[in-house]
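Got a structure here, written out as structure tokens. Questions coming.
Naming follows writing order (A, B, C and D), and every chain is counted from residue 1.
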Amino acid sequence: MHVTIEQAEKAIEAARKRALELNTQMCIAIVDSGANLKAFYRMDDAWVGSIDIAVKKARTAVFFGMPSGQIGKLSQPGGPLFGIEHSNDGLITFPGGLPIVDADGVMIGAIGVSGSSVENDHAVAKAGGEALGVCDLPEHPWRT
Amino acid sequence: MHVTIEQAEKAIEAARKRALELNTQMCIAIVDSGANLKAFYRMDDAWVGSIDIAVKKARTAVFFGMPSGQIGKLSQPGGPLFGIEHSNDGLITFPGGLPIVDADGVMIGAIGVSGSSVENDHAVAKAGGEALGVCDLPEHPWRT
Amino acid sequence: MHVTIEQAEKAIEAARKRALELNTQMCIAIVDSGANLKAFYRMDDAWVGSIDIAVKKARTAVFFGMPSGQIGKLSQPGGPLFGIEHSNDGLITFPGGLPIVDADGVMIGAIGVSGSSVENDHAVAKAGGEALGVCDLPEHPWRT
Amino acid sequence: MHVTIEQAEKAIEAARKRALELNTQMCIAIVDSGANLKAFYRMDDAWVGSIDIAVKKARTAVFFGMPSGQIGKLSQPGGPLFGIEHSNDGLITFPGGLPIVDADGVMIGAIGVSGSSVENDHAVAKAGGEALGVCDLPEHPWRT
């Protein structure tokens, strides 16, 4: 099951609202459960360098079914996943990418946000994901 | 001057309407005058392979300030630009990519559409671009 | 819906049998509906260069929901899709890639075969796909 | 001497059994002594991001004739091989990749596993490799 464009638009709209509240300019990417781009939205004056980061955060989240920042905790020097960023044409492993899981625990895609501090990026991604009813992330979400 | 997100959304909406009239499922990409992604919209059931093609058509159009298909006429075997597709991380040189030029003749970005025949792709791109007031493309549009 | 590993193995086994009947050494790739690799099998003495071709044929088939060779007919010099091979990190547009569509008309993945003539590659891919009950390919198969 | 497809299948089957015992969903890749993909198997619900990591772990192991994790010990900041991951289209240098060495000490290929903790990835790779009779890895295995 892949995220629909209607769902993607809803998530982007919620993320955009949160970004405005935080007075930030964000890039917001939605990918489906195959990590393929579904929708993308770049607010005016957002960093151009955030385009690729937003997409890669979303892809990273769906690649491993977990928040992008969770991987970053494990990929530090000396950590068990040091260097994992070299896989999959480049991962981004700091916060701002979140899987989108439906009510049945099925991962239908992910949202990635970049353009401000990682705290703000995460907050905006969370607002987007929650607009689709995501609550608790199961330990190992599956795809169908 | 770059396309704004408001303009990008307007172009996508007009393109989407045309795509529905033609009973097609399209990927629609908007890039700014730096060829960087501004907005992207993938209709449900659009081909996954069209994601990259839509983006590359838009980039191709803005790279050279002309419709993507115009380059394709010059890049055939024996033609003056044979093999140009190898540049810029890959061009797509068949129709479906159009520069977006404002009333002052300034190229503010481009639209790229993929998902059906090249005739339909072009028609949908045209509908999107015209929603922003594009009329006649000057011979060499400039960027500011 | 993605192809399961049980289905992938079944398709590979049927393809392998056909390859042996034809006295060929093939690379056989199965991708899911997101174009991500599910299973791969390289017969002994198959060309090393066929590894990437088999994978790209499968990806090409799922990218556009049609046999890879159908795209190749349109991408010849002077054709409407000339140069499409430059998209999606490289397409292979000659025969040997086929979408795998289930009884509900849902595209669950694709099979790609390389290692002999395109006629043989196609025959082996067909044997693999048919093992999963694929019969008539709908005009525009969808993904769920 | 390259790993045969019969050996590759045997290694995958042993790895799969170990993965099931550990209640994990793994991607399992076998490459030959030229670092070219021989066979690949993705269990249902394995992370999509693990496809590339499993392949890269196997390639890393065969590139240098040592376990992938052994390289990771040398590629930490301040270490002698810092940044080696940038070579060869991307290495993965944490555990889960093991050379496959035959009874004569000849490296015939490698196995790479990804999908769980690095401890589990390593255990599954070890089970796969040992199914082919690998025992002690010589200091510098050779290829023929």
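Rule of thumb we're sticking to: contacts are C-beta pairs under 8 Å (C-beta built on N, C-alpha and C of every residue); 3 or more make two chains touch, one makes a residue touch a chain.
Chain by chain, the UniProt names read as follows: A, B, C, D = Glycolate utilization protein.
Keep in mind that this is a model prediction, so the values were computed, not measured.
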Set of chains adjacent to subunit B (Glycolate utilization protein) and to subunit D (Glycolate utilization protein): A, C
Shared interface numbering between subunit B (Glycolate utilization protein) and subunit A (Glycolate utilization protein) [over half = same, under half = different]: same
Geometric centre distance via CA averages, subunit D (Glycolate utilization protein)-subunit A (Glycolate utilization protein), whole Å: 30
Inter-chain centre distance, subunit A (Glycolate utilization protein) versus subunit C (Glycolate utilization protein) - centres from mean C-alpha coordinates, in Å: 31
For subunit A (Glycolate utilization protein), residues that touch 2 or more chains besides their own: 34-36, 143
Graph class of chain-chain contacts, one of line, ring, star, complete, other: other
Interchain contacts (touch definition) - all pairs: A-B, A-C, A-D, B-C, C-D
Of subunit C (Glycolate utilization protein), residues touching subunit B (Glycolate utilization protein) in the complex: 34-35, 60, 62-65, 77-78, 80-84, 86-88, 91, 140, 142-143
Touching residues on subunit C (Glycolate utilization protein), where the partner in the complex is subunit D (Glycolate utilization protein): 4-5, 34, 36-44, 48, 51
In the complex with subunit A (Glycolate utilization protein), residue positions of subunit C (Glycolate utilization protein) that touch it: 1-2, 32-36, 143-144
Footprint of subunit A (Glycolate utilization protein) on subunit D (Glycolate utilization protein) - complex, ascending: 25, 44-45, 47-50, 52-53, 56, 72, 75-77, 85-86, 90-94, 117-118
